[in-house]
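Letters are used for the chains, namely A, B, C, D and E, taken in the order the chains are written, and counting of residues starts over at 1 for each.
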C-alpha cells in the first residue's frame, strides 16, 4: 500500500523578527528537524506534543504554508500545489477564527469550489455540505461569530469536505470544547473516516483525544519526533520515557487511582535554549552521559514502531506509575 | 535595555537621513536655480554669484549632496540666502519661543486633559461622562488656528486683557508669560480633548485587566491599585501620544504663531516660504524633524523603562 | 459565560448604530455634503460677483451674512467654500486612502525587504512635521489647489499605509487567511476577497477622522494665502478677509468660522461615532 | 457696528479686576520718554548701502550712520537740508562742495568720518552692479580737498542729484577702513557705525533694538532706545498697536475709513499721498497680447473706479502715469479715462481674440489681491478670463527677470508697484528700453522715450521737463503696455503725543521722531 | 472547623441569572472541588468566594468566611479579609500579574497587611517561592512576568496566594492554561501544599481529572445550581444526578479501552435570562418526566452525598 502522505527528513527553520529595519541577516531558529513518517489512506494519525513542540508548524509545513526542506510526497508523488490543495484540507484549532469574518457560512464553505473554479455541476450545495456534518441548512446565512463552538467546528469540517479530500489535518479538534460536546466532534470525525475513507492527521496535546480515535500516533518533543507507532501499542507500552511521562501525567478522575509520584519534572525548554544531545535529556529520568552529548536518531525498532532514544527498546512501562 | 536603546536610536538616525535626502532632493525640483530665485528684486549678479558659491550650487550634484550631509552632521544647516546668517543660528534664536509655547500648551492640556479623563472614568456611564465625551471630541474638532484667531479677537483686541502679538520682552518673565497664554490656550485645547479621551480609554482598559483583579483579590487599597498598578500602565499610551503630540503641537504652532505674530519656528518658516528662502525652510523642517525624532525616541525609551515587555521585543 | 450561540444575531455588514454623537456628526456631514453638492443652486448670489459699492455690508435680508471687502455675498461664498473644503478634503483623503491601502497591503503581504523599505519610507514621511513639510513643498511648487492636494496626499499616505499594514500583518497570520491558503487560494483572491473587506472598515474610520484635519489644513494654508488661490472661495480665505476687515465689519470674521467649526465638528463626531460603533479599540493617532 | 465703542463699553462695565489684567494705558511721554517703538513689515537683509533692499535695510543705516544731507518729512516738501555736512554748497551746476561736522566718528577705533569715506562710499557704487548705481549715474568723481572736506563733481548739471543720490540708500556713508577690512562689503553686521544710534540687538523676524550713541556730536535725538518691531501683517500690527505694543505703525488702506471714524483713544492718523505708484503691466511681447487692439481692449475694460473703491477705499485717485499727482510734472489725464466695455469687446472681436485667458501675477497682500480680483471681474465683463497667480515675493520678482530664464518674454499681466523717488526721472527710469528683462516687464521699447528720458535729466526748465514727462507717459499708455492705477495712499497711526518724520518713500526716520 | 459557608447565593448580571441559590461549605484542611461546564456559574461563584463579584453583579445570600459574611460586610471590611483570610489563584497566570512590576514587588505588595520591614517580606516571598518549587527564588523576585515560563508563573501565583496563610484558598481553573506534564506537576504541588496548609482549599475546574486527583469533596454545578454534592469517591463511583452521570460518562479518560463512539450530552444549556422553573437539566435528561417541571428536591443520599433531582431516591 502506498502511503498517502510521506514525510522524509523534514526540517523547518524560522526567521526571527529583527528590529524595525532589517539590519543584516536576522537570526534563524530551528523549529523542526529530522521528521519522517507516513500517513496511510483512511487512517487516523495522531500527532501529540506539548506547546512549543512544533506540532502546528509541522502541520503547516505539510500543507506548504511554511518553507521547509526535506522530502514531502503526497500520493507517492512530489508535492504539487494543486494536488495538495485539492487532496488535503485543514481544520484549525480556533474554528471561528478560521472563517472569514465578513463572509456568511454558506459562502465560506463553498469557497474551495470558487478557489479551484470547480464547474457548477460538480459542486455540492452549501446545504448539502452542511447536512454532511449534521447542520441545518439555515446556518448558511449566519456569520462566523454567530456560531457556537461546536457548530463552528462542524462548519469547518463541512468546508474541509467540499473538495472530497483524502486527508484532513485537524489541529486540536476539541480545544476549548466542553467534554459533553468533545465527543460530538470526535464522533463526527470517526463517521467521516468510516463513510468517506478520509485520513485524519489529528494534532493535539491532549492524549485522551487520541486514545479512542487514532490508529497510529507520533510523539513530538521540541521539534523532534521521539516515538511513533500504533496507538494501542504506544498507549499500552510506551517506549520513549517522554511518551511514558505524557501518558502517566494524565490526571485520572477516579480518586481511587491517584498517582503517588510525579512522572516528569521541569518544563519543555524554549526553542532558543535547545539542549545538546538528546533534546529530552534535561527532563529524562533515565538520562545518561551519552544522552547529553550525542543526539539519538529515529530508528525503527519494531515493525511500525520508531524511537529516538539511546536506551532503545528498554521497557519504560515498569517505571511508569499507574 | 541597552540593545533596545541602540536600535531605537539607530532607527531614528536612519529615518533622519532619509528625510534629509528627501528634503535635499526637493531643491532640484525648483525651476531655475534657487539662488537667484531667492534674491529677488534689485539683486545684483555679484550677490547671486556669491550666494551660489556659498551654497555650493555650482558644484556637481554628488558633491553638493556630500557637502550637505557633511555639513548637516556638523550642525551646519546652510545659510539664509538673505541675511547670510547660519540657518541653525536663526533656528536656535527663535526655537526657545516655540519650545516654551509647546511645553506650556501641552502642560496645561495635560493637567486638564488627565483631570477630565479621570473625571469621566469616575463618573463612567453617567451624564457627566457623556457630556465630557462630547466636550472632548468638540475640543479635538475645532481647528487651533480658528481658536487662536477668535481668542486673539476676544481677549486681546476686544477685552484687551492680554497682548495681541509677540512673545514678550526677553528677560521680562511677566511679559513673556502674558504673551504665551493665548497661543498656548489655542494650541492646547485640542490636546485637552485628546488626552481626556485617551486617559479615559486607557484607564478603563487597564482597570478591567486581570491583574487589577488580582491586586483587588489581595486586598490592596483602591488608591494603591490606581497609583501603583493601573497608572503605570495607563500612562504608557499617554507618554507615547504626548511625544507624537509634541510634534503635532509644533506643527500647529505654524498657524498660531502667525496669527499672534509670535516669533518662533512657525513664523520663521512662513516668512521663509514667502521669500522662497529654501535653505531656511529646509533647515527648519530638518531641525524640527530631528527634534520630533528626538522626542519620540526619548518617549519610546521612557516607555521601555515603564514597560519591560517593550524592550524585550527587540531582544530576539 | 454564555456560549456564542446565545448571542443575538448580529449582521456585521449592517449600518452601524452611531449613537447621539455620531448621529449629530452624520447630520452635519450630510448637510455640508449637500451644501457642497448643490452650491450652484442654493447660493443666493454668484460668489465671485463683485459689488464694490456695497462692500462690507451688515447682514440684511438681501445679504444674510453681509458682504465682504469686495462686496461679494458672504453667504454665497461660505456655501461655495464648502465645495472647496470638502472637495479638497474628500479628494485628497480619497487618493491618499487608496494609495495607502495599496501600499499597506503590499507592505503587509509582500516580501520582507519591500516591507522594510516601505516602513522606513512611511516612518520618515510621518516624522516630518505635517505643516512644515507642506510649507516646504509649497516653497518648491508654489501654492495652489493641486499643491495642497499633493501635500495632503503625501503626508497622509504613511498613516493609512501603516494602519493597513498593521491590520494586514495581523490578518495574514490569522487562521482564516491560513485556511484560505490551505484551500489553495492565490494572493489575489486572499488580498481582494478576504483581506480587503476586513481592512477597509478601520480605514474608513480613520479617513473620516482625517477629513477635519484636512479641512483645517486647507483653511489654515488658505488663511496664510498658501492654499487655494483667490477668488476661489475658501473658508480660510474668507476668514483672512474677515480678519483684515475686522474693524469695519466684524460679522465677516465671525461668519467664516461657523461653517469651518461646524464641519470639523461634524466629521469628528461622525468619525468617533463610527469608531465607537465599529472598532472601539482602533487607536487613532492625532496629527 | 462700532468695535471700539463696544470694547470701551465692555471695559467700563467689566470691573476693575479685569482692567488690572489689561495692558497698561498709554503713558504720557514725559513720564517715560526714553523708548520709541515703531513697527515695520519685514526684517532687514543687507545693511551695506551697496546691497540694501527693503525698508528696514534703509532705516537702520539711517540711524547708525549718516548722509550728507537729508530730506524733510514727506508732508513738508522735498528741499534737502545738510546733515552730516557742516558746509554744503553748489559751487557750480556740476560741483557740490561739502565739509563734514567735527566730532562725527566711527565706532571701533576707525577714527573720524572723513571725506575719504565719502569718496569711497559713493564711488564704489557708481558704475557698479549695485541696484543703487543709478543714483550716481551723473557723479563723475569725488574730490577730497581736506580730511573733512571735498567736492562732488558731476558729469553734467543735474540738480536732482542731491535728492536722488544723497539722502538714502547709496547715500549712506560707510567707513572705508572698516568696510575694506570686512572684505569690501558686509551684510548684517556693520563694521563701523557713526550715527545718532548704535545697533544693539537683533531678534530675527521679531525686533531690532538700537541705543543712543553717546558720542553723537550733533543734535541729541529724543529717545534713549528705539525698538523696531517686525510684524508682517498690517492687521496684526494694528491690533498690536491697539494693545499698546508700539507707538507707530503703518496700517492697511482698508482700515482707513474706520480709523478715521473711530480712531483709537490717544492716537493720530497720518494720511498722505506716497510716492508708491501702482500700475498694471501688460506684456506686449506675450503671444496673446502682441496685438495692440487686445491690449487696448484691456485698457478699456479696466474698471478704475471699482479698484479705487474696492481696494483703496476711495482714498486715492486714478493716476495718470508714474509721476505723483499734484506735482507740476504730472500728466493732466489718461487718454483712455473712461471705461467702455463695448469698445473693449469690439476691439477683441476685431483682433479675433474672443475667449482670451490671461495670467495675472500679483503679490499676495490684501490690497494686491483685492485689486487683482476687481481687475479679474471687470475684464470678465469684456470676455477675458483672468487667472490670478498670487506669487510670493521672491518668485514674483523673478517673473520679469531675464537672468531667470525665458519666462520674462511670456509673462502676461502683472500688478506692480514701486516706491518712487522725488524726481520724476527716478520713477521713469524703469521703463527705458534697457530695463526690458529687468524692471520694464511690459517690453515697452520706445526710442523716443529713451531720448526724452536722457533730455529730461539735464533739462533745467520745469515747463519743458513737464512736457517731456507728459509725452513719455502718453507713449507708455499708447503702447497698451500699461494701465496706471494710482499712487497708494500712505496711512500710519501713532501715539498722539508723538511727532513722526516720514520720508517721501514712506520710510520713517526714527532719529527725528519727537514726543511731547 | 468550617471555614467557608455559602448559603443560597444568588448572583445575576442584568437579566442573566448566573448563580441561582448555591450553598456549599468547606472545612479547614479539606480540598473541595467545584466542577461544571462553561456557563454553569462556577467562575461567578469563585469571584464571590473572595468577596470580589463583578461590579455590575447583584448578589444575595451569604458567603461566610470564618463566620463573617462577605456579602453583608462593607467593602473596606471585605478588603481587609481579601489577601489575608482568603486568597485566590487565578486561571491565567500571565495576565493575573502586573506586567510592569517585578514578581518581587508584587509579592511584597501582597503582604501589605503584615507589619514587617520590606526586606523581611522579600525574604518571606523568596521562601514561599522556594516552597512552591521555583528554582533560584532570589532571581525570580527580580523578574517580570513575561520573563517567566508558564509553569513558573503558575507556581508563583500559588506562592502569592499562600503568602499570608489564608484560611480559604480559592483556585480558579489552576491548570487549564498548562500542558499536561505541567498540569501534573501543579496538581502534585497543590497536593503537597495541603499537608502544611491548614485552611480550606476550593478548586474550581471543568476537568474531572483534576478533581479526581486533588479533591476530597465535590460540588457539581449545572446552570447556576449545585446539582450534586458528595465526596469525590461518591461522585465518581456513585453519581446520582443524571447530569453528573452523563458528564462522567463523556470524559474520555474515564473510558477504559477503545470505543467506536464517544458518549455526549445532547441539547444545550437553558437560557439563563429565563431559566426553566423546574429542573434545569430536564430538557437534556433521558430520565425526565412531567414532574421535572417543578423544582426538584435536594435529596440526601448519605451524610455527605446529596443530589438535586426528582429521580434520586435516598
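Definition applied: contacts are C-beta pairs under 8 Å (C-beta built on N, C-alpha and C of every residue); 3 or more make two chains touch, one makes a residue touch a chain.
Everything quoted here is computed from the prediction, not taken from an experiment.
Trainee: Could you name all chains that are in contact with chain C and with chain D at the same time?
Mentor: Where chain C and chain D share a partner, that partner set is B.
Trainee: Greatest Cα-centroid separation from chain A: which chain?
Mentor: D
Trainee: Quick one: chain B and chain E, Cα centre-to-centre, how many Å?
Mentor: The mean C-alpha positions of chain B and chain E differ by 53 Å.
Trainee: Indicate the whole-number Å distance between the mean C-alpha point of chain A and the mean C-alpha point of chain C.
Mentor: Their C-alpha centroids are separated by 49 Å.
Trainee: Using mean CA coordinates as chain centres, what's the gap between chain D and chain E in Å?
Mentor: Here the centre of chain E sits 91 Å away from the centre of chain D.
Trainee: Can you list the chain E residues in contact with two or more other chains?
Mentor: 38, 268
Trainee: Chain D: which residues touch two or more other chains?
Mentor: As it turns out, chain D has residues touching two or more other chains at 3, 239, 364, 392, 395.
Trainee: Return the residues of chain A touching two or more other chains; collapse runs of consecutive numbers into ranges.
Mentor: Residues 20-21, 148 of chain A touch two or more partner chains.
Trainee: Chain B touches which residues of chain E in the complex?
Mentor: 50, 52, 79-84, 87-88, 90, 92, 95-101, 109-110, 112-113, 144, 146-147, 160
Trainee: Using the touch definition from the top, list the residues of chain B that touch chain D in their complex.
Mentor: 31-32, 36-48, 82-85, 90, 93-94, 152, 156-167, 170, 258-261, 263, 267-268, 271, 273-277
Trainee: For a test of understanding, state which residues of chain A touch chain C in their complex under the given definition.
Mentor: Those residues of chain A that touch chain C are 15, 20-22, 60, 63, 65, 81-82, 84-86, 88-90, 92-94, 96-103, 111-112, 115-116, 142-143, 145-149, 151-152, 156, 159, 163.
Trainee: In the complex of these two chains, what residues of chain D are touching chain B?
Mentor: 3, 6-7, 10-11, 14, 18, 21-23, 42-46, 51, 53, 128-131, 187-188, 203-207, 229, 231-233, 236-237, 239-240, 242-243, 245, 364, 392-398, 401, 403-405
Trainee: In the complex formed with chain E, which residues of chain B make contact?
Mentor: Listed in rising order, the residues are 209-211, 213-221, 224, 228-229, 232-233, 306-309, 312.
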